[in-house]
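I've put the structures underneath this note.
You will see chain A twice below: alongside chain B first, and alongside chain C after that.
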Partner chain A sequence: MPTRRSRARDDATGWLFVAPVVVILAVFLLLPILMAMWVSLTSWNGQGSPFRSDVPFVGLDNYDRLFTRDDLARENFMISIRNNAYYVAIVVPLQTALALGLALIVNSRLLKGKSFFRSAFYFPSVTSSVAISVMFLFIFSNSGALTQLLDFFGIQGPQWFSDARGVLHLLLGMDTPPAALAGAGPFGLSWWEWLAGPSVAMCAIIALVVWTTSGTFMLMYLAALQDIPVTLEEAAKLDGAGRWQRFRYVTLPMLRPTMFLVLTLGLIGSWQVFDQIYVMSQGAPAKTTLTPAFLSYRTAFRDFDYGAGTAISFVLFLIIVLLTLFQRRVMRERRS
Partner chain B sequence: MKHLPLAALAVLALAATACGSGFEDKPAAAPQSSGPASLRILIASSGDPETTAVKQAADAWAKESGNQATVTPAQDIHQQLGQAFAGGTPPDVFYVDASRFADYASVGALEPYGDKISNPDDFYPSLRTTFTRDGTFYCAPKDFSTLALIVNDGLWKKAGLAASDVPTTWEQFTEVAGKLKAEGITPLAIGDTRDRIGAFMVQAGGWITSADGKQATGDSPENLKALEYVKTLLKDKLAEYPKQLSASWSGEAFGKGKAAMTIEGNWIKGALKADYPDIQYTAHPLPAGAKQGTLSFTNCWGIAAKSVNKTAAVAFVEAMTRADQQLTFAKAFGVMPSRQSAKDAYVKEFPTDTAFVDGAAYAQGPVNAAKMDSVLSDFDAGLQQLTSKDPKALLARLQKNTQSALSD
Partner chain C sequence: MRKLASTFTGYSILIFFALVFIYPFVIQIANSFKTEPDAAASPLSPFPNPGTLAGFERVFSGTDLPIWLGNSLLVTIVVTVGRVFLDSLAGYALSRLRFRGRAALFGAVIAVMAVPGVVLFIPKFLVLNQLGMYDSYLALILPVIVDAAGVFIMKQFFDSIPAGVEEAARIDGAGAFRTFWSVVLPMARPALITLTIISFQGTWNEFPHTLVAVQNPALFTLPRGLADLVSGSLGGGTQYPLKLGAALLATIPVAVIFVIFQRRFVRGANEGSDKG
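So, the complex of A and B:
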């Protein structure tokens, strides 16, 4: 009996101690999310509070519109999903591989001036993303450094930020859709549009993002690499494992938790890409850099359609959660 | 204890509903404060000259009227206003871009004070229409600009053309363009959006919506005629978009001498003076199709419906839109007065701007309907590919999207 009473008291004390954090989380995290969820069920127009009794309640109409109704709202949303899917598919593997590569270089015993390179690689990550975006605008502009560099080698580069052509279309050298793909595909977008690939303009943004984020992830890999006991590697060496084998069968498995972290953070971050789009392109050219995060912002703050804008961000949230769960599952299966 | 999180959630929900009752708006109009007012003014400034000029004018007004006026230049006025409206504390007076006017007015953010300004009929009728919704004149136009045909005089002479050859019809325009075409010189640089190509639609007698902004008229035969004409110009390389001339806008291509003509507004004066001071040019009315037509761009002085200082705000706008004040602004940062009574003095001061000012008589303002932003940017995306797309399909798409936006 006394034990039970004391446990109850312990519980109460515990709750008392975490109460400040719980309250702060509830007020600044949970409550706003619940409020946003309410807004996504209304057609609030941004005037006054969304919690008045005369704000029209529309149920799931805002969500319905994104998927089933054949109009511009759905088309824009689907285009943004397509753009962002290609973006994620390229950015996540690239930044993961690049970060690992940089970490291996910086961690190698042969490299001189390690701390210099470490800072240099990390530098883009600590610089403001807006400043970097503006710098890339100059580099990729029609008379910018990159265009002139390509010119020097006799290559006529594209007009990066005004080129709406899809990369996959370009690679295949196709201008017009073949009959099989011209028809309507899922959600009102033709197969031809779904399969366009990221546009040239989007590729410039992808290059920027990979360059900026890989520094942060390099640090994570670096920490993990330095955690691997030297003895392990020496043991592998004694067993006669070569360089590649040591990397493939000793280092890489030891990095698996970090790999999961980097992939998850990368996935979440790249589905939410906003500031680069806002600064560099605002969705142009021809909507090929439109992303759900930017579309949500535009729908809410430009069209005063806060309900639809919030609905987009909840769908985005759902996509991210589902993909993360899926990814966790895949990585766990490979472990067992 | 197991149920504690649940209980906490319930308490939270209760708290939220309790707060909810506090969100209810106070009944009727916002209470008006009496005595000296402190006005907050948010402007989307074109640069330092404009900020300084407006600040000076506001200070002078404040001193004279015994009120206070704080002018803040906005970083991104659409976003800042959107947040301010949602938060319920908008600035008292702010710039409203004509293309956004319908969005603001339709949600009830703007105070319809237009008729409280003295002599409202003095504003150009086309500008008043731009800021009228459901028959109510909402806000006083601040100033305006129109599009005109800008001609490079050097290239013009080189092609053997005289001053009398300036085209007044589409047919003449095609002919003159053919003569101007030369190695490395495109006759016309034209922006690839509705804000330039739309002028041809107006000249053909069409537009995206009906005059009252209630009907979609995108797929009219007049619009089709306009797009087909522009498409021929583009196909024959008599006209090109700025990016084909590797320029960020038409003025750049024109300034570099890559284009002999362009269609831009009076802002091109300042840009050419700053970047290409040597270029000799003149401005002429745009050639007419079925009728004369151009586009106008303008801002109005919006007053927030929620402002508690409406009387002072109206007095402030009154002072800012007086003819002599508008002339001061015109001299400071190159905008055209929105009052007809200031026209003569303006033309006297800036005789080369006649073509721009005269445009006010037949200019079409931006689309005056709510929720059209995404529809119009979709149309722009289509116009960018005009050479490879069927104009009829483009317009059909515009019509469908406009109808769905208007019926919302």
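So, the complex of A and C:
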């Protein structure tokens, strides 16, 4: 029977053990978020402390500017949302499919040297994002490795990082907007701009990201593939199911939870793209690789508009938190 | 015959993907040993012609790379040691010690893991600035010296150790810390190694945190210095052997650890993902 004193001692011991983690997370995670909430309601310019009484309080004006006011802040923000949305729409399906393909190859019973290939596919995921970006800058540089490779096959490659043309425009073969799309669309961008698709430059970044992240997701599929009982597959074989049928009706359904995990982790992760943008393009050409994460950084630290910068962060935060809550909810439902 | 054909197709696909994933690194290594005109003329060739160390010489003499390297080592070692120790302390308490608020605290740790780092750039700067820590080693180290995911990994591991282990130590009158330090921690070696590796890799590669923590070039870590080196001249074909060489040097330590501890990396990746 624990006495009251021993209970108090247990409490003290427990909290002593967790104290460093609690204090550091409180000071460098919770406190910053609260401070940033305040800053997003001001027009602090980086001079002195944002908590002095002479820092102008502007209420929700910074958020208002992003959505309703017809000015540069909204234009930049909407462009960044458009860019990132296209980026997500391409990166997530591609990496989900490529990771599955790689896992199936590595897992196949016919092949030797599995662990070598598994490592080769996974290695980019553990390498510095900055170092990889440098590598791809070289590969995608004008008349660089990729251009020469395409040349070899008789294809004339674009000037990747100076090409701001949207791929949807390119696919349709249009340079100028048809009259129907030239008019103003939602949030101050014309329909033509909304429907541009990712720019050629953004496609280079998409290629790099799919290449780096697929390895991690491949490992998740591999773990799931190894959990599928061999007997299940053999039973299907005895029933006369062909290879494709076995994949479609046995393997794929068993992988569904993993696929959901990969899809949602991808969704959450690809709204956060920053390092590659910073190193490779800084939002150029013509703002077509601007993303909310990079825009918030730029607005605060280059334009010294900390209020608008933090407001962008919080909108992005909201997007990501909603996606995370959705993921956790579905996974919990499935478990119970 | 059919089997032969399918084996052939299988290997062709495998080799295609292996090339896609390995050849960029070959290009990186080869071109860092090329002269500038050679790298510009034949970037695809895996053979430098002529081979030269000029790029690397300029990396060491013409850039601050030695300083970045030193800073990266210092920050990575301190953060890794800190994380391994502090995360296991907290993970142990959350798994084994009975204290009020434990369940709520664990919930908070899970919640913290969901906070996307990318929205914390400006907030972290604000707090470092307010505390007068901005632009110091402390700013590079302290905010990242614990991580919720590490606490989670350690808690899961301690959950898997049978409770009887500590009973004997308790009966001998050892305090909670003694029990943790000399009985439980030695049993946690596999988890500790995994955590050490993930922390080392994560901290060595960390880039955005350094952007909002320091601006003095003497405090740059490797990724920060490297980013600074390239983001100035966009798209231009200039000095690529030097840049690729610097990027290669930033890649090597993690590559070495990866080769030695592959299995741990794999385990770490799956544990990190299994937190939902």
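Miscellaneous remarks
As a convention for this text, the second predicted complex is superposed on the first by the 292 of 336 C-alpha atoms of A that agree within 3 Å, B and C clash if a C-alpha of one lies under 4 Å from a C-alpha of the other, contacts with A are read in each partner's own complex, and residues count from 1 in each chain.
In the analysis below, a contact is a pair of C-beta atoms (placed from the backbone, for glycine too) under 8 Å apart; a residue touches a chain by one contact, two chains touch by 3 or more.
All values reported here derive from a predicted model rather than from experimental measurement.
Of the two partner chains placed around the shared chain by superposition, neither chain B nor chain C is touched by A:Gly307. Taking chain B and chain C in turn and counting the residues of chain A each one touches, the greater count comes from C. In the superposition on chain A, contact is made by A:Asn45 with chain B only, not with chain C. In the superposition on chain A, A:Asn76 makes contact with chain B only, not with chain C.
In the superposed model, A:Ser162 lies in contact with both chain B and chain C. In the superposed model, A:Leu31 makes contact with both chain B and chain C.
In the superposition on chain A, A:Ser108 makes contact with chain C only, while chain B stays out of contact range. Contacts of A:Ala286 after superposition: chain B is touched, whereas chain C is not reached. Using the contact criterion defined above for the overlaid structures, shared-chain residue A:Ser53 touches chain B, although it does not reach chain C. Of the two partner chains placed around the shared chain by superposition, chain B and chain C are both touched by A:Asp11. Residue overlap on chain A between the chain B contacts of one complex and the chain C contacts of the other covers 11, 15, 22, 31, 35, 49-51, 141-143, 159, 162, 300-301, 306. By the touch rule above, chain A contacts chain B in their complex via residues 8, 11, 15, 22, 26, 30-31, 34-35, 45-53, 71-73, 76, 141-143, 159, 162, 164, 175, 283, 285-287, 298-306. Here chain C touches chain A in the complex through residues 6-7, 10-11, 13-14, 17-18, 20-22, 24-25, 27-28, 31, 40, 42-44, 86-87, 89-90, 92-94, 97-102, 105, 112, 114-127, 130-131, 142-143, 145-146, 148, 151, 176-177, 180, 201, 204-205, 207-208, 211-212, 222-223, 226-227, 230-231, 234-237, 240, 243-244, 246-248, 250-251, 254-255, 258-259, 262, 265-266, 269-270, 273, 276, going by the rule given at the top. Across the interface of their complex, chain A is touched by residues 1, 4, 8-9, 12-13, 16, 19-20, 23-25, 78-79, 82-83, 85-86, 88, 103, 107-109, 243, 246-248, 370-371, 373-375, 377-378, 381, 384-385, 388, 401, 404-405 of chain B. Within the complex formed with chain C, the residues of chain A that make contact are 10-15, 17-18, 20-22, 24-25, 27-29, 31-33, 35-36, 39, 49-51, 101-102, 105, 108, 110-111, 115, 117-139, 141-145, 148-149, 159, 161-162, 211, 215-216, 219-220, 223, 261, 265, 268, 271-272, 274-275, 278-279, 281-282, 284, 293, 296-297, 300-301, 306, 309-310, 313-314, 316-317, 320-321, 324, 327-328, 331-332.
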